[in-house]
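All remarks here apply to the structure that follows.
To keep things simple, chains are lettered A, B, C and D as they appear, and every chain counts its residues starting from 1.
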Amino acid sequence: MSAEPNPRTLEVRLEVSGIRKQFPGVVALDNVSFRLRAGEIHALLGENGAGKSTLIKILTGVYQPDEGEIRLDGTPVRFASPRAALAAGISVVHQERNLIPQFTVAENILLERIPTRGVQLVDHAAINRLARPWMDMVGVEAAPATPVAELSVAQMQLVEIAKALSLQAHILLMDEPTAAITPHEVGYLFRILGELRRRNVAIVFVSHKLEEVFELCDRVTVLRDGRNAASDVEMATINRDRLVTYMIGRAEVIAKLPPKPPAGEAVLEVAGLTTKGGDGALSLVLRRGEVLGLYGLVGAGRSNLAKTLVGEIKATGGEVRVRGAVTHIASFREALEKYRFGYVSEDRKEEGLILLHSVRANTSITIWRRLRLLGQWIARSIEDAAILPSLRELDVRSHSLSQSVGTLSGGNQQKVSIAKWLAAKADILIIDEPTVGIDIKTKNALHELIWDLAAKGKSILLISSDMPEVIRLSDRILVMRNHAIVGELPNDHQYDEMSEAIMARLS
Amino acid sequence: MLRLRGLVPGVALGLLLIDLVGMIVLSAVRPQFLSDYNLFVTGRDLSILLLVALAQMIVLSLGQMNLSIGSIGGLVAIIESGLMVRFGVPVPVALVAGLLLGIACGVVNGLLVYWTKINSFVLTLGTSYVFAGINLGITHATPFYHIPNEVSSFGQARFGPIPFMAAVTIVLTLLLAGFLYQVVLGRQLLAVGGNSVAARLSGLPIRRATLTAHAISGFLAAVAGTMLMAQLGQGQPTIGATWVLPSFAGPIIGGAALSGGSAPVLGTVLAMVLISLIDDGLVLVSADPFWVEFLIGALILGAVVLGRTHLGDVRVFLRISTARPVGSIR
Amino acid sequence: MLVVAACGGTTSGGGAKTTAAVAIVPGGPHPYFEPMRQAIVDAKADFSLSKGTFEVPSDWKQDLQNQLLTSLAAKGYDGFGIFPTDGNAANGIVSQLAAKNYPVIAVGGCVQEPTKTTFCIATDVANSAYTGAKAAIQAMGGKGVLLHGTGLLTDPNTVLRVDAVKKAVAETNGAVTLITITDIDKDAQTADTAINQALATHKDITGIVTSAYNPTVAAAKALRTLGDKKIKMVGIDDDPVVLAAVKDGFLIGTMGQNPYGQAYIAAYAINQIHQGCKKKGGDPYFIDSGTLLISPEKVATYKDDFKTLTKSIVSGFKDKYLSC
Amino acid sequence: MTGGALLRQVALLALLIVTAGFWIYFSVAASGFTSDFNLFSLLRFAAIQITIGFAQMVALSIGDLNLAVGAIGGATGMIAGWAMQVLGLPPLVAVVFALAAGMLLGFGNGLLITWTRINSFIVTLATASLITGAMLIVTHADPFSRLPDSFTSFSETEVASLPVSNLVLVMLAVGVALFFLYRNLSLGREMLAVGANRRAARMSGLSVDRVVLLTHGISGALAATAGLMAISADHTASPSLGSDWLLASFVAPAIGGTLLSGGLVSVPGTILGGVLLATISNGLLLVGIDNFWITVFLGVVLLLAVVLDRVTRAAGGAVP
């Protein structure tokens, strides 16, 4: 990108006031305000479930607000569809992968405005030519005519960013653009965003990583529980602690949990594990009654490791011992029935739960085989008796056991996805990103619950990219990067020291 | 410039080879295979069934299905022949009315699918009953005889071994391929089939894409019905009754994914050529008719298994060998 | 228990019985059956039937014929002349009707035995195919290649026809070569393609005999298109396309059947049974409704020939087949 | 047992009311509708259609399709006919034989699906041709029409002097079995879980391949059941049996609220759907609607039913 005179004007481009958005059973946004200027990078912060995604979806026309006003350059607007928002110059990099796998990189970048010859004929040469600079800008090295399906995940993410940049929008919404890319790539991205800022683009930057926010952003708005916790604050005037307090509301969230008995014998020993997915020789030891934190960015290979342990991904080398015996786990079923492993997936909706089905069916699914009488029969009374203790222990709130899980709150859903393993008496729990999309209060409750499970003798491998969570909950922390474990840290639950230590391993 | 990448995937290459081998073997074993008249007859059948297969393919590319292709073809043929025979409507007017009706039927399918978001399989099952029912109600299953000579002679017209009908099919096939690869709406349609969430978030016109795909499907079914009417020389109410199997067999053998996003025009053409070769070959070698059904089943299964496993592996291999390092940044 | 209490069709003896309500139900839509429509109108007038109807199932599906027959019974019809949609599976509905004392007569095509149908009034398909093949072979000069196009594999008559043509060919002691293509009566498209492909690939064909409707129409059209009068063909049935081809000399002839007579005779018989007559024990179940080669000179008159034949069958029917 | 239970009851109730409404209307408007003969035939026809629908519903429950329902029904019908007529086996033995054959053919589908990972639509599209083709090759389309009386009269026997065929009892028995399968048997619960979310089911320790295999086995056995019912009613095992079941097999489950995408079935809904269809086609004939137009009505009923089902479901409000 060529250097141009700095035209930053800092005029207010987008002003949102009094936005309310309600979904059945939950108020996602309540009286939210937000102001965005040309030539600034504005951080939009908040815990998962605070309402950031909903706000972004309103700004991009996916949802319409129930109340409130959106002004673009001073004029009230209403985006009836994503198309309308695009037309108004608002472009977004979504968390969801937003590409057409069968299409080429260049076509994906120019999807909304395919260059044409004549009336409506696609000009493929022009597509490739026009897409090239944007690909170069973010470092996508594939040919423009490469089908996206042939790219790696990280490259796809870059293509998405290239696509958003190419829209030459006046307003660019970046929804956690750095979640799946390396620190090196993040640095590059920040230079791009800096350049765009100089060109007077207004950028909204959503991230969970406060370090990034302090490095990059000019101003910040914080949402908490669907309301403004902080509105349009200059980054220069605020420190990290204040920001965290805005986000989580209470300082004690990082507070220590009560003591628990010391860890017991090793129940899971992994030595030199390698997988087809490219994991280097991974080794770890998990003890009875401890929480072992596994910290790493998305894409570092944490979930890969977890899925290898439960037999979903095939190990190509190394040794896994469970309770001292060498094992070769081939499937989830074997992992559960033979070794009492439970896996709480990060993807609740796709992997953890069957949203269409009841709380009962979702909890007892792991024990149907055990509950069978006379070969197949499952008596409802016995079934309920078998799952109720677990549901009670986790304090799952539902109208009845027949309520469909899809209608529960995120926290209760997560509890159900843990409860099914408790019902099956799993005692090695692999918990992957337990608090994504869960409001702060429930998050705290879930933390206490996981801690409590460990105190009762369960062994827990906690996978998370949420640093406060890992530091708060873990007895020890493993740091993972590029499919390798790059460090093991004893945890003293002191946030600042620990986070520094972890960051040091990552860079 | 047509991008060959999208047009010639591994499946099509394999089919091309099988087709060529099949033709060589057939002409070696039975020289009559190459006779003008045999090629004409086989080519005429192929011309019609290829349109039927493409009518399904375009909807499959959207990740949907159309079970009403045969009913639309039959209804259109009946309306056209009825207009010409009973009401003496001039041929061009009747044909245009019929083709418009086909498009309208497709639009009805598309609107139902778009509005209700119900599985297209069930919806088009319902509309196929409706379209076929209207056909039956009008005709009481009695054909309209004596359609105008210019229509029925078109069904018999040929240039050497090439039926005139083939020209229609070739033009429509090229137009369809061109539409899907070269026209913005065509690309948008494939994008919707490839990732509907992304398409929606990108602001692509999903309704227009859905309606267009179904309208094209209805149009192609209508053309196929019209051509069959011309071939038979009468408006047969049973036109289209046996189209379900070929409509799916063509695109599926040709490499279409039921989940949408792919529109293997060439693969579908080659698959239908293969099916025609087999049909003709069975007549040529006077095969036991009891084996026909079995062979077609074996062909579908065999082609798909080969296409999805063996050839699929080749593609995985290629992908690995051409993979680039994860976005390093300069 | 029965709804139609008015007609206790079982009572024997000559009591004052009302005339029957008769329904003729073909197996599905097919031009072959069209003359039956007039036959039941004529029969109603001639025999003073209380009701007479001709109802066609909307498709060739046994279930549809079953439903139609059930509803006609519920509407008060006393007896049925049916062409079985499926010559085998029709036995289900026939038994059901027979168990409720409704007389059922197969018209146009028989129901596979054992069956509860009282009679089968139909063309002798084997005889028809044999006669047609003989006529074609004769026109071919007793030698050459004969193409036989016939009906669905699932139709038991197909086997009879194939065997009959084989027999006619066998009698030439090898002078005639036979090519048989079956299962092409599904629809017009299938028949058209298959016949044309056969003509294209077997250049040496000098004669054609067809024993099913769609192949006949397809072959007649093909010969006209090719302008070929060297190939000697005998078809079946009297579709307008086929009759025109006969008239113009593209076909030597077509094997006419007597659908009008089949329905007319059936209506007569049903009425008699309804009024107390019984089938004579040991009498033939099958009644040949007649077949004849419609040659060009007979195109104009064959219908009258069949009517005459029909009247003669009816006049002797009571004595020959029934005891009253 | 699953979510939106109340709404599903509402939808089912609506279907019941509509069906009852048609019964009342036809009883009044169409003389002969309530005659024993008519009701007997109507219900027997419905029973067979519903059983065909069950065979499809079972495949739908795991999110698969079984396009070979008709092929299996036809082939096993022929096997039963052969066993009784040629081998002279007692009907009961022949029935067991045919059911086992149906289950084996279903297992064949299941094995192909799990081995090749190809969509069930494509696999069963192909096996439908394979099975029918093999049946034609073996039998040369010769029907078996001399079935034992004890077998054919089974379908004609009235239950307790009511206009109800034994076949209706068979269908109800199958329905009850399926109801409990999905409600109370481990396998049925696993089938629904697999249908609603295959990945989550596997990651909860279920053996998805085993469930898919067994499901297709059950679907095959149910298709065989329908085939047996049909040959009993037809008095003949005919080679054309099953050739027109394909589309019909979807209609009753779809009207009854079974999700094509899997994970949600309704046994009572399928029964009501089948009864509704049979009622309408029978009743319309009786009130004198030209039978050529009835297909249109059936199409409209199917469309209305699935759209209404969707509307009721949507009224519950899905959380975004």
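Operating definition for what follows: a residue touches a chain if its C-beta (ideal position, glycine included) is under 8 Å from a C-beta of that chain, and two chains touch if they have at least 3 such contacts.
Since we're looking at a predicted model, the values are computed, not measured.
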Request  = With contacts defined as at the top, give the pair, B-D or B-C, that has more of them.
outcome  = B-D
Ask   = What is the distance, in whole Å, between the centres of chain B and chain D, each centre taken as the mean of its C-alpha atoms?
value = 30
Query = CA centre of chain C versus CA centre of chain D: separation in Å?
reply = 35
Note = Taking each chain's mean CA coordinate, chain A and chain C are separated, in whole Å, by 74
Request  = Note the residues in chain D that touch 2 or more other chains, in rising order.
outcome  = 136, 140-141, 292, 294-295
Shared interface positions of chain B, touching two or more other chains = 136, 140-141, 290, 292
Request  = Enumerate the residues of chain C that touch no fewer than two other chains.
outcome  = 56, 58-59, 153
Message = Run through the chains and report each pair that touches.
response = A-B, A-D, B-C, B-D, C-D
Task = Note which residues of chain B are touching chain D in the complex, please.
result = 67, 112, 116-119, 121-123, 125-134, 136-137, 139-141, 244-245, 248-249, 252, 258, 288, 290-298, 300-301, 304-305, 308-309
Key: Sites on chain A touched by chain D in the complex   = 23-26, 63, 312, 331-333, 335-337, 343, 345, 350-358, 360-361, 365-366, 368-369, 371-372, 376-380, 402-407, 420, 424
Ask   = Which part of chain B faces chain A closely enough to touch in the complex?
value = 1, 3, 5-6, 181-187, 190-191, 194-195, 197-205, 261-262, 319, 322-330
Request  = Could you pull out which chain D residues touch chain C in their complex?
outcome  = 30-33, 35-38, 41-42, 45, 136, 140-143, 145-146, 152, 155-156, 230, 233-241, 244, 281-282, 285-286, 291-292, 294-295
Query = Can you list the residues on chain C that touch chain D in the complex?
reply = 1-4, 55-59, 61-64, 66-68, 70-71, 73-76, 86-92, 94-96, 99-100, 112-114, 153-154, 156, 158-159
